[in-house]
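Next come the structures, one after another.
Shared between the two complexes below is chain A, which has chain B as its partner in the first and chain C in the second.
On to the complex of A and B.
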């Protein structure tokens, strides 16, 4: 790493200019003992015998008018304390667009929509009583295809879209249509450039919605205190967004809402929008003074809660004879489901990065998030980028074929780099974009890429497919994180940060940063693993592969602040300049000290320093630090021009498959990722993020997707009919890292939480297209799909 | 709602409990015994997060009635201490969010109680009943191999380098 760091001199050691003793090393995890012993506590693990239990009743219809609701029998049932229906709360909720009632009132728009809650002494009693609620529905026509929804607007799902309250910077709904948001990108003039192209390809790509499959289902415990304070424990990626949502939904002052988040059993984006928290609070408000627990069943998570967005897309890509990309025209019709939720932001994220990491001067892209009668959608690992990547990479593969250019070389030729602009016309620098070329060069070696993508051995075809990946975050311009670093009497350090420990290991990495700066063993750094919004400094959200950047910068600053305080106190004691004091190994000492007795344990400086005569100098050492994201701007509403995120992590990925021509079945033999992660902070955690993402991506691409009935209800909401990867389904994973630093980030790091997943669907689709000679442009890529493509020439079921 | 008093033998202790006939073993362990290591993930026998060991065999406690477990020896993750498989999970980073981990560990521990020199297809047959969404499964495969070799070499538990616990 040779780049200059943007930090001032005293920040230099946080930027990789010094040999590190903790950063860059695999130093275990802070949550290991809790998690291998079963001691780790997740939200559902908290219970007591005074707690009440809530059960949801959801709509069996994908679209229906509610004619009547009779809750009398349910209310009279044994143990029942409250029955709540939509009429109890006329309030609307949802972020960024408040387009749904807490519980459906007059109309349901998807099968799985919550219509009533029963609160009872036991869960069994609550569940039994939901069956006693009599609701009469009048089914209405449904719309399932987002593209049809765009062209027909029939049925119109939100005829009163106008008065819905939304954040206009985040969402752009079009009244009178089923468009929940429209994001346009206008760069250059593609229309004029098609004539310049020697070759133009077109593809249509589609896939249904899917399930995050975090192993912990969503759970909330809510309690309303006599003074109106609301205490919430929830399995959330966004605890700090809950108080303001409670204000928007129920008019509760945010300061009266306290949110606790213990360990979270996986999220993958599915726990980023507070979807059931308003339901739990609605229930708790009816039984004031009692804790109410609401835990979703797996079936409810898959039908009632927001999932992975679906898509129908069309892409047109043109290039010159020698392979230079000239123009792209892309339209996404995302299946956002019945309510906008975060699906509209996913749409923006895909649209703003629609070209992938390639230099294309002329881009016309429209991202539409469409209302349909499917479940709503939210963030999913990759946040619009696996989707955007599949679309553009299928077109590139087709173009390579038409131009007879080696697909890897075609990607290298067009790889984006410093000085180029993104679809939103953000100009890239060596700091803001990783090394796409370098990733491809390394991928070529690791995948033994020799230019021919397939080898046939009888009925078996060995085929490879590749894809390039980039991603920036769609963070708000004020996304922030704060941190507190405390020095303890025993010379250990305690770190407080609002990042949720969801499996990604960020809290371990934050402890590494502190250990590095204090030059102590990581065992002497404690990091508080749970989050409490009343006591921990705010961290925007644990999403978007942004926690190590935001919280990392905050923690580095907090640690440096604490060190400054220790040095100041030590300077009184040691009678030298504060700048000459060193903090290392748990001691403070003067730089030129020849006398080893003049080493003061930092614990002795924690509350100032007390001399033997009782005289005390200095103050208690508590470091604080904060960071707010920089350089991010809003996108222009007509051209999309703007800077959506601080930097782009890039990667090149590939798979090698073994395809059986006679049975249409295949096996992924190996999958390879080369990721420019800026700096490897913890090799084993970094590998775990990338390999875990690759496994999730291959599972999603090969076998996952909701199967809907004729009306739009999800018919496969259980793991035995929704067959995600199990032990033994995985191929061999190979991962390599490049290190092109992001100069804004501690030690130059770049986010990597999502990137292992992003290129896997595209790489697999390209490998299968190469193996079969067909265009495999749909997910899930099951043998059945391949058989249908062969026998029906592309007609789906 | 009829309830009955039963005695369950859990982690070497007799626990006398008042349960409904319909209570699953998972619910009784979690809500009445405070043993929350076994987790609900699907409550349908599909994901294995609730796996406990009954008479040395792995059982999905979400589809076993508590009343069926009377007279049998039940071990939950809380009853498993310092085992080779726990150490191997720690050393191999075979967990991330940790939610599926107790189920995986109990299933793998039961497997290793039966045999410590089994081939990969047999390991798959045992472990494909559990789902992990975070790791790539390669980490879990490494942990199984490490635990097997530790047990076969009969090494003392603390002989491995790179203590994972910080």
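On to the complex of A and C.
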């Protein structure tokens, strides 16, 4: 790809066959200089002498009745301004289901649940005072397995589930049970079709909850002004959802809430739930007029805040002798933890795409998000899809084995395509589904795939495994984004968008879009990197690989709007039709004019154009644009019928591993991804997203996960005992892109923020199953797991 | 953040450190010797450790020694693990210690963790002690009652048995041990950084294996009874290993987030097999 394609009058010629001069090129990131110089400010970097500090006290018990709370000693401690417990705020909070108190009242349901906040002059004083709060608990029986929670209802964690306020389109709790939500899929008639199947396989898959491992822990600064206005600075992926949550929780009018989000040090979904913002506001309300900072420790993020969802699942998959998939019956019991939070939406996302990118006419699926005495859960990169993929891909691998069909060919044979329908009976087009088959063909070549055959060298076994991936978003029907494009006097452009810069680089891509449309150098486009909900147009949330579609369309429309305004003003000056005006290289000129003096810098048109005699024509150029997803529908509550998202990004992925038979240890040698991304807008960022996702997926699959004690408390909430991939643990990554355009999206792009991760657990499980001859259906896939599988098989060492 | 206030003094000599300790103690201040500080930071921020004063022993020249005198290697207790790993002399002088400490924590932490700090830590693994146990090292200790030199076996029984006011100044190790054929292995849950499920340091001396283990129990240890079984060369390797493992009371074998008890026992077996094989005793 041509790197330095400087602007020329005819930019298309200058870029060879390419019709773009900025899109498709790895331009410098807009946040680089701030970050490499240490100038970038994150929420915790905002500090002043008058700021108070909040410290959180959390429950040590996974399930207990609160018998008494004595805060007198804490309140009397030096520097302490306020001590807040559950009784101070009888309100309930939580989105989409308000099923928890701001701070626990009467009962705690997980170890790590917030029970009190101390506000003091210094953080040390606040922390020290938390140790002076005396809380008497009476431990209660706990429930840890989501499947058990489904079958037994004892203990019943939310006996008063009925009056909880929730958005019925988003969550479907069943009173009298531990079911936080139930999502059914009923397509065709699987019951009648099992008889037609020549081969039927069944698998059970499970894994514990896990941690997002963003470098920056959650931080919130909140201040209540004398007039009741609330100012919040927070490391959040969802700043625009906070004002309405404050209304639902505290009755504060959303217009009185300003949310400021500076750079965010990674989110991976973990910062999509506004989980600690109500806590910080609860503290700030008690010390009105003072800023309060609440910063979570790593241990608190791992035990108190929502993590990656756990799962127990069962799948039954049937096919004809020649390998046509006929029917699938899948049940997910997600470990959503003690409170619903976003775990219920993750459950829906997994259920709506439960089959993976395959044509299956008969599908019965039940997604249950279960209450347990574990920490709550939220979005995690992939949002239900790494989970859904592991389940179906293990069944497909087993089916291929039974049918003696090459697993890659079996996948290709059943690959979903235009005209087919998804589990929710959404009819697909080439634009909406992309090219699953094409991804598999390319994967076969890149992975040197020759079936499940392994290579044995002494005690070492080399094996490969593959998986197919698809994902659409689970955006609400009105997910929207707005953008403002300003033209500056010096002919540069400034872009405003509500997308949060969490390291993903979206704002650089938005700047590329604007540079492309204005036909100017990317260096002349500024993009405001922080977000302020009162001054930036709303962007739904920085989640779901949705920013380039939503904000991209909004920014394109805003840029076009600004260009239209500039052309109109220029047409007065140049005395030609607005349609004949070209905007390029920072100038407006008439297409037919050979007189180069007739080029007007666009900066001179920014506030209308002032002639030499002083009179002015036209008006200030401010482009605005917005985009709202269309054609997405709610899922039918009994059949699941509906259109869950606008388009799917599909991929095929594989790994090659080196397994040691004597120690059960292994290492991943290579990992390959072929992603149909619609259009590569920024090659380096696209590669970074996919490789980063693959790294995270392999880390999750191979070693991560909470280890609970007998009651359900997390025993490994520190990086010293919670292993994640470290530098040097990663394999060689090979990534290729296909470009089947999504006709709805700018330049045909598709979201790619999560897709590198999605197939990695399944591909690794399939490779390990091939290497060991055992069914590897659990995460984390540690040597201990492989040893246990072998030992349980009866022929262990 | 460390949520407590405490006093910090740096001692320039052994005598000054002892004097400071005495002074703080008589003022009723709880006092700790401070070396790398990694454990003080990690435990204090969790309110699991507290103190009124710390005495930094790193500036003491005797605690920074790395030299060989009459075939004895003297290592100062305040040397960082990184210094031990990267010292040009160590690959010949004490290669077992070099490889063993190089697998503790990660490089950033090893730049801070000291030899003496690891030996005296609250952390259950204390893997730096393993080479010293198999090499019968001597420990030079300073304290209110003067200096003394003790065998590692007398002074380390599951933990360092130091009296109030005492601290380790140096470790001395004879050439016959530190230059003997050796083997070190560390097995983790996954990856190349982390605590051990089992880590072992071993040498072969006059056809006998010395071996010390960490990660198996909540303390590092060297067991003569275990070694006796492992060195019964007339018995098949399999039996030697099984008998050696039987020595450990089953309830003492750790069962936690790193590994289950049963899996630890399996890993221990493979580690012992590999050790015997590598040291030519299989």
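Criterion: the second predicted complex is superposed on the first by the 773 of 797 C-alpha atoms of A that agree within 3 Å, B and C clash if a C-alpha of one lies under 4 Å from a C-alpha of the other, contacts with A are read in each partner's own complex, and residues count from 1 in each chain.
By our rule, a contact is a pair of C-beta atoms (placed from the backbone, for glycine too) under 8 Å apart; a residue touches a chain by one contact, two chains touch by 3 or more.
Because the structure is a prediction, the values reported are computed rather than measured.
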Chain B or chain C, by number of chain A residues touched: B
Which superposed partner A:310 touches (first chain B, second chain C, both, neither): neither
First, second, both or neither for A:725, with chain B first and chain C second: both
Which superposed partner A:39 touches (first chain B, second chain C, both, neither): first
Which superposed partner A:523 touches (first chain B, second chain C, both, neither): first
Chain B versus chain C as contact partner of A:213, first or second or both or neither: first
Touched partner set for A:716, first chain B, second chain C, both or neither: second
Partner chain(s) touched by A:505 [first = chain B, second = chain C, both, neither]: first
Touching partner for A:278 - first (chain B), second (chain C), both, neither: neither
Contacts of A:465 with chain B and chain C, given as first, second, both or neither: neither
Residues of chain A that lie at the interface with chain B and also at the interface with chain C: 124, 297, 720, 725-726, 728-729
Chain C-touching residues of chain A, taken from the complex the two chains share: 123-124, 127-128, 131, 297, 299, 662-663, 702-703, 707, 715-716, 720-721, 723, 725-726, 728-729, 780, 782-784, 787-788, 791, 797
Chain C to chain A touching residues, read off their complex: 1-5, 45-47, 106, 187-195, 256-260, 262-263, 266, 270
Residues of chain B touching chain A in the complex: 1, 20, 22, 30-31, 35-44, 46-47, 49, 76-78, 80-81, 86-87, 89-90, 93, 95-102, 105, 123-124, 127-141, 162-166
Interface residues, chain A side, partner chain B - complex: 26-42, 44-45, 47, 78, 124, 212-217, 263-266, 268, 295, 297-298, 502-505, 508, 511, 522-523, 684-685, 687-688, 691-692, 694-696, 718-720, 724-730, 732-733
